[in-house]
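In order of appearance the chains are A, B, C, D, E, F, G and H, and numbering begins at 1 in each one.
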Amino acid sequence: MHQNKLEEILAAVSEKRLSVEDARKSLANLFSEDVGFAHVDHHRSLRKGFPEVIFGESKSAEVIVAIMERMLAQEDVVLVTRVSPDKAQTVRARFPEAVYDADCGALTVEKKPLPDQGRGEIAVVCAGTSDISVAKEAAVTARIMGNSVATVFDVGVAGLHRLFAHDAVIARATVIVVAAGMEGALPSVVAGMYPKPVIAVPTSVGYGASFGGLAALLGMLNSCASNVAVVNIDNGFGAGYMAAMINRKQ
Amino acid sequence: MHQNKLEEILAAVSEKRLSVEDARKSLANLFSEDVGFAHVDHHRSLRKGFPEVIFGESKSAEVIVAIMERMLAQEDVVLVTRVSPDKAQTVRARFPEAVYDADCGALTVEKKPLPDQGRGEIAVVCAGTSDISVAKEAAVTARIMGNSVATVFDVGVAGLHRLFAHDAVIARATVIVVAAGMEGALPSVVAGMYPKPVIAVPTSVGYGASFGGLAALLGMLNSCASNVAVVNIDNGFGAGYMAAMINRKQ
Amino acid sequence: MHQNKLEEILAAVSEKRLSVEDARKSLANLFSEDVGFAHVDHHRSLRKGFPEVIFGESKSAEVIVAIMERMLAQEDVVLVTRVSPDKAQTVRARFPEAVYDADCGALTVEKKPLPDQGRGEIAVVCAGTSDISVAKEAAVTARIMGNSVATVFDVGVAGLHRLFAHDAVIARATVIVVAAGMEGALPSVVAGMYPKPVIAVPTSVGYGASFGGLAALLGMLNSCASNVAVVNIDNGFGAGYMAAMINRKQ
Amino acid sequence: MHQNKLEEILAAVSEKRLSVEDARKSLANLFSEDVGFAHVDHHRSLRKGFPEVIFGESKSAEVIVAIMERMLAQEDVVLVTRVSPDKAQTVRARFPEAVYDADCGALTVEKKPLPDQGRGEIAVVCAGTSDISVAKEAAVTARIMGNSVATVFDVGVAGLHRLFAHDAVIARATVIVVAAGMEGALPSVVAGMYPKPVIAVPTSVGYGASFGGLAALLGMLNSCASNVAVVNIDNGFGAGYMAAMINRKQ
Amino acid sequence: MHQNKLEEILAAVSEKRLSVEDARKSLANLFSEDVGFAHVDHHRSLRKGFPEVIFGESKSAEVIVAIMERMLAQEDVVLVTRVSPDKAQTVRARFPEAVYDADCGALTVEKKPLPDQGRGEIAVVCAGTSDISVAKEAAVTARIMGNSVATVFDVGVAGLHRLFAHDAVIARATVIVVAAGMEGALPSVVAGMYPKPVIAVPTSVGYGASFGGLAALLGMLNSCASNVAVVNIDNGFGAGYMAAMINRKQ
Amino acid sequence: MHQNKLEEILAAVSEKRLSVEDARKSLANLFSEDVGFAHVDHHRSLRKGFPEVIFGESKSAEVIVAIMERMLAQEDVVLVTRVSPDKAQTVRARFPEAVYDADCGALTVEKKPLPDQGRGEIAVVCAGTSDISVAKEAAVTARIMGNSVATVFDVGVAGLHRLFAHDAVIARATVIVVAAGMEGALPSVVAGMYPKPVIAVPTSVGYGASFGGLAALLGMLNSCASNVAVVNIDNGFGAGYMAAMINRKQ
Amino acid sequence: MHQNKLEEILAAVSEKRLSVEDARKSLANLFSEDVGFAHVDHHRSLRKGFPEVIFGESKSAEVIVAIMERMLAQEDVVLVTRVSPDKAQTVRARFPEAVYDADCGALTVEKKPLPDQGRGEIAVVCAGTSDISVAKEAAVTARIMGNSVATVFDVGVAGLHRLFAHDAVIARATVIVVAAGMEGALPSVVAGMYPKPVIAVPTSVGYGASFGGLAALLGMLNSCASNVAVVNIDNGFGAGYMAAMINRKQ
Amino acid sequence: MHQNKLEEILAAVSEKRLSVEDARKSLANLFSEDVGFAHVDHHRSLRKGFPEVIFGESKSAEVIVAIMERMLAQEDVVLVTRVSPDKAQTVRARFPEAVYDADCGALTVEKKPLPDQGRGEIAVVCAGTSDISVAKEAAVTARIMGNSVATVFDVGVAGLHRLFAHDAVIARATVIVVAAGMEGALPSVVAGMYPKPVIAVPTSVGYGASFGGLAALLGMLNSCASNVAVVNIDNGFGAGYMAAMINRKQ
């Protein structure tokens, strides 16, 4: 806890500038504020410079609308992840200004875009066309959190020339998000080429011995490049969020 | 590949300022330099602003000495990881200026310390006393790569007041490395409290159903806080390296 | 087997107060009574001070009604777990006095509530909103078994201030049930704060490397707090039952 | 946090009975005391009515002696778990009053035994002779925490008459700890016979498809009896600790 | 290969009683007959004293009817396993004499029952009501293969008195099949009580950490009773078949 | 990179026969051609003597038609794998010349068959009738890549005489593909009999402890015959492709 | 429990031929005798026609000698499994008549051989030379339990002609034990050729993806032949015991 | 079986050119020869153009010498794999002409080298220096089987320029063996660049979540390049053997 604020409150009590009851409340708030930046349920209450986020997958369109109404009363920017097309239609009937990304199911409302929060650009790279939905979720998340994002899709390791063709874009990024399924080898290759922090997202793309993304996950955790850290399978949101954290001006 | 350099070389050939043979060599180098920043075998050849790193675990003291001699001929800073105490003794007989960290087995030589590479401070936090060796490896790695590092050890989730006591140190960090074994819950708690990128390192501390760190690894991958990314079990080196990448001035 | 009853029966036979045939039957009953407290199929025949319990998931509404009719002929209290809303409607058409908890699918009939069986209060805590169904099953089970139950929901480790806000409720409990999915870290934190027996219930909430609750299960088994014991994934019924056993007056 | 104490401190500050500096310290202590009951590193600092506990496995005899000296300065009772025979000899040379249990490696010092903390007796049951070390660790832990403990060893499910022979002892217990390796079936059988809370401890006894205790662990988690909760493989200390928590007078 | 037949054929060739061409065919047949007892695709062509068996799960009613027509042309007894109720209806429209077991989906036709093949009786025991379908498949299979079968259902280890009540039936069996899900402990208990070969069938009954029957499977493989051997999860057919093999008169 | 071509381009630049801009483009192409043989997304762009391949499973009929139209503009042969019957109908309405294999869902168009690419014949063998779809995918793939293919189906290890009956066909093959589910033993037996390279394909045929083909996969990886290499579960396409690579004239 | 004996005792009490006290004792014995056939700790107390068995692996030579002395006082035959050569030497110094099988570490004493217990011969087959120790343990166990045993070693599936060469021996057996490591395919092949009960023993022979025998275990559980049941990895004792049970005259 | 030989034998019998007894023997041999090419125990009896192979790991130096003596009596070439340096010394004392490869422990004797068996050259590639032992085993095996072998070591995916530097060597190979540990990504990259059959060997190099080579194994099985097939972890022998099979002239 912030020593300064604590002593300040106590001094105010001591000097009768603050009642005991009010001090008790302030102390409670003080603590809450300390940890108040936390976000809940993976997506909720990203406050202070970040947009509000709703995890849409397990919520009905009606519930999503209700939460959005409450949030938009006090927030400029709202992100809803994993919204199916039909739910999106219902939500957009209520919020026509909402933008829907059909690739990843993200729904965004920007009453006023967030100011640029980033030190530089974030690159989001993916291996195959089937990984695009996860990559798009990362890109949308990072963008709405106030970052400039460049995307490079379908550049898997079985045809490296495709990756090399996008060298300039990737080389200038501050952080690189790499999504890949199957053997999950792309993050190692990218991290070997660029001395930047790489956030690797295994995807569940694959079949048989991919075991729902486990093969890609293990591959990324065992990367022979050291500038790689990994998030959960298919967690595009988390990768975009982490990249935004890293890219953030301090 | 850098378009500019490529065209420059070709223009020089065209203008006869460069022979075909020399151009061929330059093109080869150009490509190598592009990806030359890569480090090999987890530890080797971290060039351009980073120290040289040797993975000591599977190498004899004699081999380590031999590699160090070659490296120190052209490098200012060398890091050898996972050196046992008896090997360390042999190495230090040859390089008395080498500093040995008995907690994590890292051995460092700094002919001239690297200039400060970081935007801010890196905090390295660990849950139990048994996690200290992994945390120290992260700290030594980040420090020798030119970063200011603060450590907060033994602040596991079963006694959160210990963590809160170090609030000021953690709150001011740019990046936070968190090492934990057993259930691996500390990164979630830390990431919930501080809006900073958290690099989580599962450790193999535990027994029975910890399955050599698997329980901690899965816990961290499933963190309910989104500002968490994970490296391999016991990979303190990788965590420190990744943190240095994130903290790096651009 | 109860020595006393056995000798009593034998004495009665010896003294011709009991026929050989009746003695044979009594001995059979004696044994059965000994182990007769057992409940079958996870839910069946919780006799002697506990309500009857029916596992509703794999049974049709008609079968549930038939079993309830038979049970209510001799029991004051019946609990049916995991009843879908449409089955619940059918059942309540027959038993309008039945109370349905839509969150967890528990259906209860109390002709006459059980007398208070508990030494104190049971607290049921859960990490996220998605864990509420499991937590409610635990709460309903413990309550219908004659316990006073307090619930504290949505207090995950990524925002600990929420947990601290409910300190008074949790602190006074005799036993604490904690349900959590994803990394399953909440039981460790709660058990670290309160010197009470904590029954941890991993939930299948999560995706990717949560592997259907396995990550949470392993996390809880490896808790760095020792006052934690674990039940099966999503087994809210078992957690509530175990808590009732612990809280029971003797 | 305790509202009363908080308001009391604030009132004292307001009334100048307490300086701001002292109040700051008191508030820090207040919080620490709140969660201070936690024990660290599985074994450390079990305060307030519980003995001090040291996890001996990874510590040298010298370190154990040093910690014991510090602890015994202010504690009446100390428990050191998993001490090898040769380390025990060194420790007992310094503390001749220490009692060593060669079966489980527990070393205890009781300057003055703890007063009886239990509501009743704890029964510790194990399946085979190879499970005795784990069962003894549970028994020693529960006993030193101020409980009366009865042990019933070598009563596996392949010869149930052996279990039945100990009916009286088990039937009178308040809590039952059951340790078993291989298929881990004993807790189900015991829990089916006795309506008491059963703490199941899987042991790593077995080979082949027992996978280091995994088979027993899964068996116990899937118990068809509901009054069973499970601790980590070979975690006799945790089982005894949990049983003591449950048996504790409030 | 049968030496006698081989020499007989060769002698016949030598003596011109058999042409080279016919001898070549005979030798081919000789070999086929040698291994011809094999059954294919788990269920096909159980010849020589066993009925024909069809694995119905992945076949349409039309295909089942077609195969049955062909088989019944030359066989007295046919067994079709895992037939859904609606497929069964279609099949029975064509073969009204077919008997359908709705519990396990087995469909049998006996133009003329097989003569008794067994040395004694086979007992089929199961733990819970949900295991009955697997147990019934074992029973139907064993019965149609010419065995006398006794069934004892719903006698799980959490209420052992139920098992003891059926002592006489189980005690007289030559072979015992035991099906159980969840922790799969019943085969150990039964094998401990009766010195008979026990064929254990794990079932997929359970949830969470039962992992589709894996917990029961591992439990049975680690049985502390040695007269237990195990078949695949839910493989009632295999258990009944194996029991029939064991019970077979030679 | 091809030294010759590189020097040739540079010489042309030096001699002004090639502009700097054209040289830059040529160098880019040069590199691409180097790795240009790669195929992307498991199925895409198999150039230079191989047909084009489309992975149909996750694509709509409309998308498949669109891609086929573009491909057939410049290719003689196209293969679409894993097309459902209804999608196939739509595709064939547009391309009546397309041939559909209902067993494995492969759809092929051959404007002009590829010339024979093989050194010899490829044999595709499978264990049970349920493995035929995977085996057919391998056979269709190898055939369309310009190979002569012989198929031997339903020759599982439980009836080896069936395998022996096809000796002549298998013995003359250059490469053998063997598909098997359940215990996956057939590749070992085949590889033991024929000194040829065997490509083993585990299939997901089975239930219970087959764990979706894992049992067969592990069996094949542990083959006691050394002339066996393995592809992913159900990956008939990959097996046929690999066999074609091996059989290819050089 | 035996109805007859129970009524007999009760009648004796009723008729004063038996005192209440004696009747109580008899009833206790009655129950114990009922289940007394069980063997404990995998190896102990195989009474009534079977030899005594001691699991030697975790016992010192001294303990083994002590138990043997006690056992041989009342038993004709004793089996000690898994005795290392040096322990065997110590034991044989005390019991020179003991026979030691160095292949599997079994040590046997036969004061007087058990009479033949078997209906026929047991065949023990193994795949490779490394599987011989497990196969020998099965053979020694079955033999000492009063069975005629034939062994066929080193007949793995990669060279089937070796298996065929032993056709006569295997064909005449009543039960077949098959031990195999690596892919564990031999039981399927044997069971496909011979319509006999096959007890499959996976061995831990192998490396890499054999995962300590898991590959062989899964292969055997998924056998496409139905006359196969499986025991634990390396459990030669259990396989021999089970085979003896099956072969036993009734 | 070979029809021709069979009819030939029968004709000879018919024409009295062959006695019945000799015909019986010939038929037995015929069959054995058919399958006689098989090699047993992973390494034994690779006849007809391949050298004899002995798996040295579990054999004493004396046993190895004894087997070699027997083999060299009739073979020109012998390969012993996995021989430790001290065993190698003993063996070479007896066979001074034996060549020992200290990197992989292979010991070879060539009385007369095998004639060239290959269609072209085999390339053996590995990712890191720690993978060299496995790669060398593959290379030695392929070479002694009569192949020309080129090796390219230490070209992992984190520094692709190293791989590109060896383009010419790899491009001209008929078959490519690729060994890699950690994430096992190299085979995908190589197979994407070269349209040749790639035999991938996962190695156990790595730690933590590499799980003894499992991560690399899964990565290779899920390769996005289709010209990849996989052998067991660390199975350099098998990879070299398979490559020799593929490269073999027919």
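Definition applied: a contact is a pair of C-beta atoms (placed from the backbone, for glycine too) under 8 Å apart; a residue touches a chain by one contact, two chains touch by 3 or more.
Computed from a predicted structure; not experimentally measured.
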More contacting C-beta pairs: B-H or B-F?
B-H
Homomeric contact chain G-chain H: same or different residue positions, threshold half:
different
Distance-wise, how many Å sit between the C-alpha centres of chain D and chain G, to the nearest whole number?
39
Can you compute the centre-to-centre distance for chain D and chain H, using the mean CA position of each chain? Integer Å is fine.
55
Averaged-CA centre spacing for the pair chain B and chain A, given as whole angstrom:
24
Cα-centroid distance, chain D relative to chain F, in whole angstrom:
60
Scan chain G for residues touching two or more other chains and write them down.
3, 34-35, 38-42, 128, 156, 158-160, 164, 182, 192-193, 208-210, 214, 217, 221-222, 224-225, 232-233
Which pairs of chains touch, using the document's own definition:
A-B, A-C, A-D, A-F, A-H, B-C, B-D, B-F, B-H, C-D, C-E, C-G, D-E, D-G, E-F, E-G, E-H, F-G, F-H, G-H
Please give the residue numbers of chain D that touch chain G in the complex, ascending.
128-130, 154, 156, 158-162, 164-165, 182, 207-210
Can you list the chain A residues touching chain H in their complex?
127-128, 156-160, 182-185, 188-189, 191-193, 206, 208-211, 214-216, 218-225
Chain D partner contacts - residues on chain G that touch it in the complex:
31-32, 34-36, 38-42, 45, 58, 202, 204, 212-214, 217, 232-235
Residue ranges of chain H touching chain E (in the complex, touch as defined)
3, 6-7, 10-11, 13-14, 16, 19-20, 23-24, 27
What does chain H use to touch chain F in their complex?
1-3, 34-35, 37-43, 48, 119-120, 164, 167-168, 174-175, 192-197, 199, 217, 221-222, 224-232, 237-239, 241-242, 245-246, 250
